[in-house]
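Chain nomenclature is as follows: A, B, C and D, assigned in order of appearance, with residue numbering initiated at 1 for each chain independently.
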Amino acid sequence: MNDLQPEALIAAYRAVRAHTEALAAPLSAEDAGAQSMPDASPAKWHLAHTTWFFETFVLERFEPGFAPHAPAFRVLFNSYYNAVGDKHPRPQRGLLTRPSLDEVRAYRAAVDGRMAALMPRLPHDALQLVELGLHHEQQHQELLLTDVLHLFSCNPLKPAYRAADRRLSAPASPLQWVPVDEAVVQIGHGGPGFAFDNETPRHAVFLQRYEIASRLVTNAEYAGFIEAGGYREPALWLSDGWDWVRAQSREHPLYWQRVSNDGWQAFGLAGLQDLQAHEPVLHLSYYEADAYARWAGARLPTEGEWEHAAATCSELRQLTSHAWQWTSSAYLPYPGFSASAGAVGEYNGKFMVNQMVLRGGSLATPPTHLRNSYRNFFPAHACWQFSGMRLAR
Amino acid sequence: MNDLQPEALIAAYRAVRAHTEALAAPLSAEDAGAQSMPDASPAKWHLAHTTWFFETFVLERFEPGFAPHAPAFRVLFNSYYNAVGDKHPRPQRGLLTRPSLDEVRAYRAAVDGRMAALMPRLPHDALQLVELGLHHEQQHQELLLTDVLHLFSCNPLKPAYRAADRRLSAPASPLQWVPVDEAVVQIGHGGPGFAFDNETPRHAVFLQRYEIASRLVTNAEYAGFIEAGGYREPALWLSDGWDWVRAQSREHPLYWQRVSNDGWQAFGLAGLQDLQAHEPVLHLSYYEADAYARWAGARLPTEGEWEHAAATCSELRQLTSHAWQWTSSAYLPYPGFSASAGAVGEYNGKFMVNQMVLRGGSLATPPTHLRNSYRNFFPAHACWQFSGMRLAR
Amino acid sequence: MNDLQPEALIAAYRAVRAHTEALAAPLSAEDAGAQSMPDASPAKWHLAHTTWFFETFVLERFEPGFAPHAPAFRVLFNSYYNAVGDKHPRPQRGLLTRPSLDEVRAYRAAVDGRMAALMPRLPHDALQLVELGLHHEQQHQELLLTDVLHLFSCNPLKPAYRAADRRLSAPASPLQWVPVDEAVVQIGHGGPGFAFDNETPRHAVFLQRYEIASRLVTNAEYAGFIEAGGYREPALWLSDGWDWVRAQSREHPLYWQRVSNDGWQAFGLAGLQDLQAHEPVLHLSYYEADAYARWAGARLPTEGEWEHAAATCSELRQLTSHAWQWTSSAYLPYPGFSASAGAVGEYNGKFMVNQMVLRGGSLATPPTHLRNSYRNFFPAHACWQFSGMRLAR
Amino acid sequence: MNDLQPEALIAAYRAVRAHTEALAAPLSAEDAGAQSMPDASPAKWHLAHTTWFFETFVLERFEPGFAPHAPAFRVLFNSYYNAVGDKHPRPQRGLLTRPSLDEVRAYRAAVDGRMAALMPRLPHDALQLVELGLHHEQQHQELLLTDVLHLFSCNPLKPAYRAADRRLSAPASPLQWVPVDEAVVQIGHGGPGFAFDNETPRHAVFLQRYEIASRLVTNAEYAGFIEAGGYREPALWLSDGWDWVRAQSREHPLYWQRVSNDGWQAFGLAGLQDLQAHEPVLHLSYYEADAYARWAGARLPTEGEWEHAAATCSELRQLTSHAWQWTSSAYLPYPGFSASAGAVGEYNGKFMVNQMVLRGGSLATPPTHLRNSYRNFFPAHACWQFSGMRLAR
């Protein structure tokens, strides 16, 4: 993190901020204001919160004569930083019909103007916060899409966020098991570029010999699990997973719906579409991924196995292009982990319990946001993300 | 209901429909789309549902060659009519970002056009349904305001729906107790004009001698109850009411907030304002009204007492101008009550349990919607309506 | 209440107290300690609470040199008297494994001894409290049975509380509609004997002409409602009732289970038994009684209609012998009602909201506890009492 | 597990079974029947379920002409084995007043008699199941005590399960930090004796250099955390932990109560006692242990660190004598883990998500049940076990 080029960072700032607005462009003010569940946030809130981040952690500390754009926004758009002060209750983000989407866009423009003026003069540690803010915003770019998808899925009109993607009709490559030898290996971020604090320090882990799948599990393969009665056989499931299946009456992944005895449709950013058999399965909970793996006579890789293989096995495909991949690792601090100082130290560390790690990246992840050492994390029941699976054994 | 003048009804149709749109005019699309609690509905939903009512109960039955404006709206904007078919889940009305507010306005315009073409040719029983639809829409006009008020109350910015009303500075008139003699009296709707089915049949009830207050309880009087510890003394409360006070940590009416040791502010359609001591107290639950009455050595009137007094005692003031008035009567069918035939029979009758009757009318009730025989009803804990109280003894 | 004979009261005290113990005799200490739901209480708690009533309201006020049997019992066995002080949380009554059943019996014996010594010397107002305590205990005798029945119903072993009753094999008499003329009549308790405060004052009500059924609705008649699809037709139900049916997946009364396409069994105090077609149906909620009446083209009587008919129509049968009968009246204060002074004033008045009145009496009601003016009350969803129905129209 | 001596096992059977009954001996039938929360079970249920284990997994499979002691018990006393069939709902275990405690004791005696007759003739794999059943019963011995403690804690009478222990008045030894060098080490069970499947296979892990505390954190040290405002400072807590603190209004460990400004009492098996400053702190949740460690500038050890230190560092004290010790490791399968075949494979593996590992043993753990490789596990919020903490850094 010590080779920041101010010019490159300023260009990245412009690009990232513009991309967020491009993602929100297809949404009406109504679309951007609604919140479909407490775990999700309105698009307008994502637009504002990412701006609040720069205002709070950069402008407030480094801009001479700082005055807030709107004092109330300090509370309204604080997500979870206790050190910053009060927060608007998360489940009520959808009730903030004021400020309007236009006012939030004006907020973005104003902060962008002030950032543009300030960035050329920022000290190095402030530039690090700018860089953190950009990666933070990229995370919210993906969340904006998954949250909009969930919102639209609740609407019987099943609106499409965008036109259908062209789909590859080529069959999936045959699954190959890539062997990896036993070794003490290094994982975690150790390089010069950006990483979140939770990816550090780079450290040794001992890995036993294992094999990892060359590609992700497909829709067709997962449909086979369903047809084989996978959702009705408790022996395949973790106890919490089985409770989840029954409490939610789950019979298939979120967003799937059976259209006849023969087929499935799935709801996605392009609306309701026929399920593409050869595409990687999406929107699995950890419970579903774990049950499928057990049924398939395999298991999920640990995050150490995943990262080591990703770094060393050139045969692996679909690493970051389609779906985040559930690992069998709980989200815990690395040996020697120390959270960043100050309020930004709340970014990652305080969530290190009751969650599982996902690795890779998805169709919705900005390419410049991807890293082999990246640790994504969600609770085991979460399935509104673009989450799939790669097998190991 | 047998003296309907088609021309008058057509004029009323135009006026009522235009008034709804005028009420929604100050709202942005975002304001109109949000739902602050399951009991409330978005303004956009009110705009659409009242239109659905005419489309479903008039156009669908009487328009030659009827085709729905949009088939999906039949489900989306059905409130609770089981005989009509499926309903979108009530708590998810705020997630319907599509159709947009503009599309709902277009829906209104389209139905209005078709109704304008059809109304001159409608048979008498269809005109009765039109009249019912107008009274239905007037109910939603009031709900639109109470629901917007609740939504805005959830926003820390405390937006105002409209500019502050001029307030009368005159002190409230002294409370007078108006005596009414024991008698068998008639209550319920018996006249030629419109009434809901729940106001009928007109029937005899025996009333013992009673006294009823000439005006409503004021904010200053209710503040006295608070200062005397009313919210901390279980002996003043019904058992369910005391449970409600403790579960909700209630210490004052909804929308009040203490600004200092000396004073209160209250949130209303004009935003946060100093409490007007002489104005009638608003936003009471039945539990609060009942507890206040007990503290004051009085009681709430029955709905029979209220209606008889309203019809015969010229001294009574503030009958319909400020607040709906909780009565001590549960909402039950009148002797000989029979619900209207068909799906509109679900309008009132099926709610006749677990609710209390309010009488009068409020600052938000359209004047042409008022009647002495009108029976409003809400659960005992409801307080987001413009609900106050008049004492009896 | 002003003709109390001390000797008769002392004899009644002995008889009522002994009857409670006889009712508990078939129960093991384990049976007597368990609580199957928050609405129910353990038999041990009933044994103790009825004793607490005499200790708190009689001994503590009238016994010279009073000292409590055990200070902790003041809190443990207070049901809901805020004026007496703290209460053990109702849902945790089943966790009071100490004091033991033997200790509670010793508590009863000790209080009985002190009462026996004190009663001959008590002033008249104290004797009234003794009488109240006996009627209070008789209420708990019925609750003890309904609560044990519910507890046993939760046990897959389906234990019987007692041996099967002999059943009458005679068919039910044909239902006759007994006409009653329109009149202003008097209802409520006005006589010299005991009544609860909620039965007073006696007062006039106006009744329109009505007809009332000569007997209760039978199991066979109710089974006809089930077979006709009554639990699947929303038009028959109040809105809250339909929500209750769906939320609880109700398809028949509590304690019924279908044994084949042809028949039903019902769980009762004698265990699981074949349903007796001609016996009155039991364990209905208000929602079920109301829905059945609508299906049958009839309605439930008001409590005024019930009481007036019970007092004047000799043809009525099964008034108090089988099941409490839901009325269409909400439980509200009579005109001029005033709760008793002191803590015993909490007995009835504070529950006058959100409940419906039942009239009559059941197979589990002590005969000396029955009165035409008696007002029993439960929430509309309650069905673990011996609650049935009599039609009116 | 391949050196089982039948004679030794038969002797162990007698001893373990007798010890369970000795633990239950101080309990009345009422004490033994109550269930204070869904996570806990009645003592009677523990007595029956441990017997069910032998009946189901040994007698049913190996006893010639097997017939169940009581067919209903197969369902009533199945805890969570889906492969065995239906289960009585866990939250309703306290409603099983039948079978009685005496009948459960007779069930134990009957199964013990049949086991005594059968054991000398059992094949080796059956003996392994017997051994598993004994370790299973030892787990329930500890749970019986923690569940009784929780039940008694809910009783305002605060009954004592047993007389007070003699307490050592000696101050705790000074905390020493024991250093351990970086290494690839082996953890997990590899020896010839018994272990649960979740302790296997023994495998290599890489440990960085660390230091581990020579003794457990004391009550006095934990009280210091409280006095320093530990429960009011969100920066010390995991996000889920802080939510737990606020939702539960936690200000101190479960079972502590402040008796004055100067001191604390704690409820334990000997009733309410003054807190012993030098004893290890008990009844911590993972959230509390983690927050304390952060406040103390340390952390919790991983389970690998704990096991390796326990096996190699002779300075460590209080390893198994006082409290289970929360580790920072999530409960996950070891590399190469494979659940046992058949229904007993549900014993451990299906719980491997959303729980944290505790190591060591407590004052309530049978000494023959202790192993360095033992993996205890509970959700992060659990605190009714004898759970404390040992620091690392």
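Note that in this section a residue touches a chain if its C-beta (ideal position, glycine included) is under 8 Å from a C-beta of that chain, and two chains touch if they have at least 3 such contacts.
These numbers come from a predicted model, not from an experiment.
Hop distance check: chain B to chain C, minimum number of steps through touching chains?
1
Along touching chains only, what is the step distance from chain B to chain D?
The distance in steps between these two chains is 2.
Interface check for copies chain A and chain B. Shared numbers divided by all numbers used: above half gives same, below half gives different; which is it?
Here the answer is same, because the shared fraction of interface numbers exceeds one half.
How big is the gap, in whole Å, between where the Cα atoms of chain A centre and where those of chain C centre?
One centre to the other, that is 58 Å.
Can you work out the whole-Å distance between the CA centroids of chain C and chain D?
The answer is 45 Å.
In whole angstrom, how far does the Cα centroid of chain A sit from the Cα centroid of chain D?
37
Between which chains does touch occur?
The set of touching chain pairs is A-B, A-D, B-C, C-D.
State the interface residues of chain A toward chain D in the complex, per the touch definition above.
80, 82-83, 184, 203-206, 208, 234-235, 237-242, 286-287, 290, 328-330, 332-333, 335-336, 346, 350-354, 356, 380
Could you please specify the touching residues of chain B with respect to chain A in the complex?
Touch list, chain B to chain A: 28-34, 36, 44, 72, 75-76, 88, 92, 94-101, 151, 154-157, 159.
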